[in-house]
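Would you mind keeping the following structure in view while I ask a few things?
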């Protein structure tokens, strides 16, 4: 069986999918990155290699904030930004989609799609409020499981007012409201409303948010947030079945199309990569004013990848068969 | 010899170095902007002041460390905050115990010789004719840089071997910085352009063309805008800057004197959307976006420092320009907290957006021709 | 004809004059309600995120006025004195509101002041005639640029100060900031109220007598080209030297990320520290938590009281 491998390496989670040539999802995996993108990809791939028997990799697409690193390590055929990857996956799931809301661990995105192509987008990376990490943190503070937090929030009947612009203010507001004796459900519902309001004010300003809507990313599992979005937008919101791995799915779809279009075969370096631990080291290059932070990755003491140098001075030392012309974009 | 320094702004250090040394001063070019520069500036500057001022301060501190005694800079009369940079920076540096003199060159009120009178205090032996000669050399260098960068941005997206143009650029900058006589400058200038033209390219007539505009410092200084021109070029995008240093100097210093209404063309273009002067490059940002749409560019990227007042006004207006004239605009706000990875993701996604739009438009056109 | 005047931005300087003018023209005037959460939110909802909060509040006031008035006055104050601007956002205000509230375009009555003609009355007249409103031929209104007594700012000041107990042992705080930060209780979370409740006397920039205008800012090396910068530096100088009241400390109220205050605030802070006075800056945002502001204010007041009792031992 031939599969296209899609990997989304985010700051909080790493998602991996295997997709067959008919664009059907064969297997998916969502694991925490735990600050170790390389290790988590190794773990994830070995886990998946065990479950699937007799397969061949037809192409590898990577996306997410760790895409360059992992892309180089694996010999990816396509390295794509996560906005495009998410959009492609959404159009695949629902061709008529017009608005995509994506909330992940460290950032949130709003993508507008018209006639099947991206027409506008906005991305928030500056503020932690309204991202998965912040919800995780609040759940931990309240001794709740994240899923529980969402369920409880969805039960809130009289949401309290919480400042949503800044994580610090939101937290102190919540504590304040708890001390005033408001029920937890209402506070959590208030938190969800605030985060959604913040999302729409921050990313949706001046943009036409038209149905159908898709809500995806790790936070899409949160019932409270989903309900708050439906209320704010006044329309039903679809959460796709594979909402947590849409980025990876997008990467797999993109690499499939790309390889079929270019009639090329994969450059994937194979699964031996997952067996040996990878050590990383970094240094500041003093070669010029850029003072790039160069990262070197070694496996069994062999330099397997090098990145961060703008001038390619250090990357050139990695001798490879087919290194140039990775399509980045 | 008096050791004089100035703040970095892109490649302007090359003409400035020439100007000062020709006047018999000892120019101390601040070390290139690094993370240390920015950290030094942040320590001294107020939190919500614009990012360029913070980087400037870092430049000054590093230049003082290498012996600079005097800072030369331009002034202004508002409403943009740049006009008050000099005063604020003087107060800040003096309070932090940096013994440094400031020479702020204000636009002359009555006659341009006022400027010379100010400079003259530092170079008593020189005559006006020396200033002219120095300015001429500096001008030729600035002009050469503009020409070179303009051509470079058209070559880079097509280069066969990634990085070749950047290498030629580095060599050209160094050669031009060292050139001393008018003849040398001409030779370096011509040779630079020839070398660019000789770069091996893969011709592509469907290359994406975008306009890069916004606040002057963010547009011109690659060390703070994450080298956006190079990054876009290497993604295969032809970048047209709206601001070039020599042309900007020509417009603000010369054109304003002989033809005070030179800005009218911008005012007229921007008028349906932004009809009032808001300082800085606010009007130009809107005007060039309109122009970009008229000239069939594929997209516009606006760069602004966080809290930049003129660009914020423009930003409020741009969505309507974008909608009405159907030209995609990406606004990128940069300050010390901006992360390179985030900016890069946005750029890549924007380029994808433009590509898909472009393909779709072409397909529609073909469809139209077939059916129509 | 019903003319709406948004209670925002420089309304606090010119509000009374504007009202009188339009009433002289035979129009009815409606001033929007005091800023409340609803007004603030309705502005925040439509305005660009990067705009400052006072601008967003101003837009909220326009929205409040839209259904109850025929025309809404947009004061387009480019210059109100020679050689000085207010702020680039003020200069682009008509463009800003036009793009934020496109549906209300025809309802706007833009009064352009400056860059050439800076006489408020004349500018009001020409704005009126552009909309076909008849202006009375003789007008006994005084030129506003002198700011004599009759402004909403001073009315608000006096109301609060009159409720203070008369004894002289109370602390005095010098308040600095733009008028729409100091007097808009919705923006500053009832700041003046809290001060008076704590029996604290205060001075504001608007209380400066006319003869001291231009003194403080005149001491600068380079003439300042922002009106709101000049007025604050004048007042600071007056409060430090000539107000006849001993000012115990200074509080600067500023909107989060205000471009002008970044520069002016820094200059004022340096001058206050040089004079050995305690200084507190409050950056205000659209968050609803009053608790944080009150805590910091209380801490500052205790610091001042402590200094008062043990004058020389507290380094500041």
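The chains carry the letters A, B and C, assigned in the order they are written, with residues numbered from 1 in each.
The rule we apply is simple: a contact is a pair of C-beta atoms (placed from the backbone, for glycine too) under 8 Å apart; a residue touches a chain by one contact, two chains touch by 3 or more.
Model, not experiment: these values are computed from the prediction.
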item: Category of the chain touch graph - line, ring, star, complete, other; value: complete
item: Maximum inter-chain contact count - chain pair; value: B-C
item: Subunit A and subunit B: spacing of chain centres that average the CA atoms, whole Å; value: 35
item: Distance between the centres, which are taken as Cα means, of subunit C and subunit A, whole angstrom; value: 45
item: For subunit A, residues contacting two or more additional chains; value: 206
item: Residues of subunit B whose C-beta touches two or more other chains; value: 319
item: Residue numbers of subunit C (touch at least two other chains); value: 47-48
item: Residues on subunit C engaged by subunit B in the complex (per definition of touch); value: 47-48, 50-51, 76, 78, 83-89, 91-92, 94-96, 99-100, 102, 115, 220-222, 224-226, 256-263, 265-267, 270
item: Residues of subunit A defined as touching subunit C within the complex; value: 161-163, 165-166, 169, 172-173, 176, 201-202, 205-206
item: Subunit C partner contacts - residues on subunit B that touch it in the complex; value: 46-50, 75, 77-81, 83-84, 86-88, 90-92, 95, 104, 273-280, 282, 306-310, 312-313, 315-317, 319-320, 333
item: Sites on subunit A touched by subunit B in the complex; value: 65, 80-84, 107, 115, 117-121, 123, 125-126, 206-207, 288-291, 310-312, 324, 328-329
item: Touching residues (chain side subunit C, partner subunit A) in the complex; value: 44-49, 285-289, 291-292
